[in-house]
Amino acid sequence: EDHEAKESGDTWLPSLITETPQEGFALAVTLSQKGVGTTQPDAEVRKAQRPEYAEDPDSLIAASHVIATHFQTVAAANDYWRE
Amino acid sequence: EDHEAKESGDTWLPSLITETPQEGFALAVTLSQKGVGTTQPDAEVRKAQRPEYAEDPDSLIAASHVIATHFQTVAAANDYWRE
Amino acid sequence: EDHEAKESGDTWLPSLITETPQEGFALAVTLSQKGVGTTQPDAEVRKAQRPEYAEDPDSLIAASHVIATHFQTVAAANDYWRE
Amino acid sequence: EDHEAKESGDTWLPSLITETPQEGFALAVTLSQKGVGTTQPDAEVRKAQRPEYAEDPDSLIAASHVIATHFQTVAAANDYWRE
Amino acid sequence: EDHEAKESGDTWLPSLITETPQEGFALAVTLSQKGVGTTQPDAEVRKAQRPEYAEDPDSLIAASHVIATHFQTVAAANDYWRE
Amino acid sequence: EDHEAKESGDTWLPSLITETPQEGFALAVTLSQKGVGTTQPDAEVRKAQRPEYAEDPDSLIAASHVIATHFQTVAAANDYWRE
């Protein structure tokens, strides 16, 4: 699936609207990863980096910050799933 | 409970609405931790990291920043608990 | 008072509404500290860290950034104290 | 095309409006790169830096954060592509 | 004046409203410095740190980021000085 | 012109309104630089620092983040140049 996502014609972000806040959070995670993938498109390199940052608390906090920023966007798009 | 939360079918974020600002802050903390947990799903590894970052002031400030970002979202969702 | 605040039943954040911008700024400071306190609940450890980060300009700037983020929230909650 | 973009008369940002969220994300990436390019206008230097930061997970996370910040702007401009 | 500002009864932030964007930017600078001053209230220590961070480009960029965050708040409070 | 800008009476930010998104981005760059210039007013020192941070990818990403934050403000001020 990663291979497909890299072909430019693919749609990976059809909408910011989700059914639930939890799906919205999952979308924020996807957006964060996509931001990384844009700068480092080689999935093998990214996989090789994972042990490094997944064991570094500061990297994990920084990754959580990016997710939080995207979650602001997704939550606003969904009017905070108020109803 | 951590075990349950990892099973994909579980609902851990049913709503962004809380009764009080203080509960909203607690939700922001949960969201921050979830962001970390998504990148490092192994609860044992996360537990092992805790002494490291909990004693590093810069890590604590960074964690507080993530909470602040999520609290913006939760507060907006609740219209700032104005009434 | 720190002891009291740690007991879960305590209310430390009844509202985001303040009389003045300056009180709002003080609340933003409280929220920032609370974010740190949530991750490192031991007040003794936090006190021991203070000399370290209070003498590190980069830590102070980072702490100021967290305050700024919370102040955005508090200011919006108060409609910027426009009247 | 990089050469053209550097000539001051060129228009590289005619609008923040995009057809789809995915194009909006691509625009956020462009804006992030432009921010880097403004501070370091020499494309050769930037190209030489790429291996360095593309292999550093913390740099990738930081780059993803900038994209997230611009995506907030682009998404708001497009009213979150709600319809 | 720094001495006065530290006495708790003093008003240093009567309003977020300014006449012009430029005064708003100056207020954002003040708010950023106040955030630092809250964590390190000793003006002598802060003065001693100045040569250190004022010569470190990364510290200057971080300080500029805090100013940017406060400027968002001040600009919104003033409805962006649109008229 | 840098000399003039430092004289307190000078107006360097008459408005946040720009004709186009691209001019808005340029204004965001100016605001970011002004934030640096406020903390380090000596233009000679800033010029001496340039080679250092312009060759450091992490500094460039951090600078791009500040620009992104100011661009949010400028874009909102201009209602995203929607018409």
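The letters A, B, C, D, E and F name the chains in turn, as written, and every chain counts its residues from 1.
Throughout what follows, a contact is a pair of C-beta atoms (placed from the backbone, for glycine too) under 8 Å apart; a residue touches a chain by one contact, two chains touch by 3 or more.
This structure is a prediction, so every number in the text was calculated from the model and none was measured.
Trainee: In terms of touching chains, how many steps apart are chain A and chain D, taking the shortest path?
Mentor: 1
Trainee: Is it true that over half of the residue numbers where chain B touches chain C are used by both copies, so same, or is it different?
Mentor: Different-residue interface.
Trainee: On a CA-centroid basis, which chain has its centre farthest from chain A's?
Mentor: E
Trainee: Given that chain A is a copy of chain E, what angle of rotation, in degrees and a multiple of 5, matches their CA positions?
Mentor: To map chain A onto chain E, rotate by about 180 degrees.
Trainee: Nearest whole angstrom, what separates the Cα centre of chain B from the Cα centre of chain D?
Mentor: The separation of the two C-alpha centroids amounts to 29 Å.
Trainee: Counting only Cα atoms for the centres, state how far chain E is from chain F in Å.
Mentor: 17
Trainee: Residues of chain C touching 2+ other chains?
Mentor: 53, 58-59, 62-63, 65, 69, 72, 76
Trainee: Looking at which chains touch, is this a line, ring, star, complete or other?
Mentor: Chain contacts: single closed ring, each chain with exactly two partners.
Trainee: From chain C, moving on to its ring neighbour chain E, which chains come in turn until the ring closes?
Mentor: One full turn from chain C through chain E gives C, E, F, D, A, B.
Trainee: For chain B, which residues are in contact with chain A within the complex?
Mentor: Listed in rising order, the residues of chain B that touch chain A are 11-17, 31-36, 38-40, 45, 49, 52-53, 56, 58-59, 62-63, 65-66, 69-70, 72-73, 76-77.
Trainee: Which residues, counting only chain B, touch chain C once they are in their complex?
Mentor: Within the complex, chain B touches chain C at residues 20-22, 25, 29, 53-55, 57-58, 60-65, 67-69, 71-72, 75-76, 80-82.
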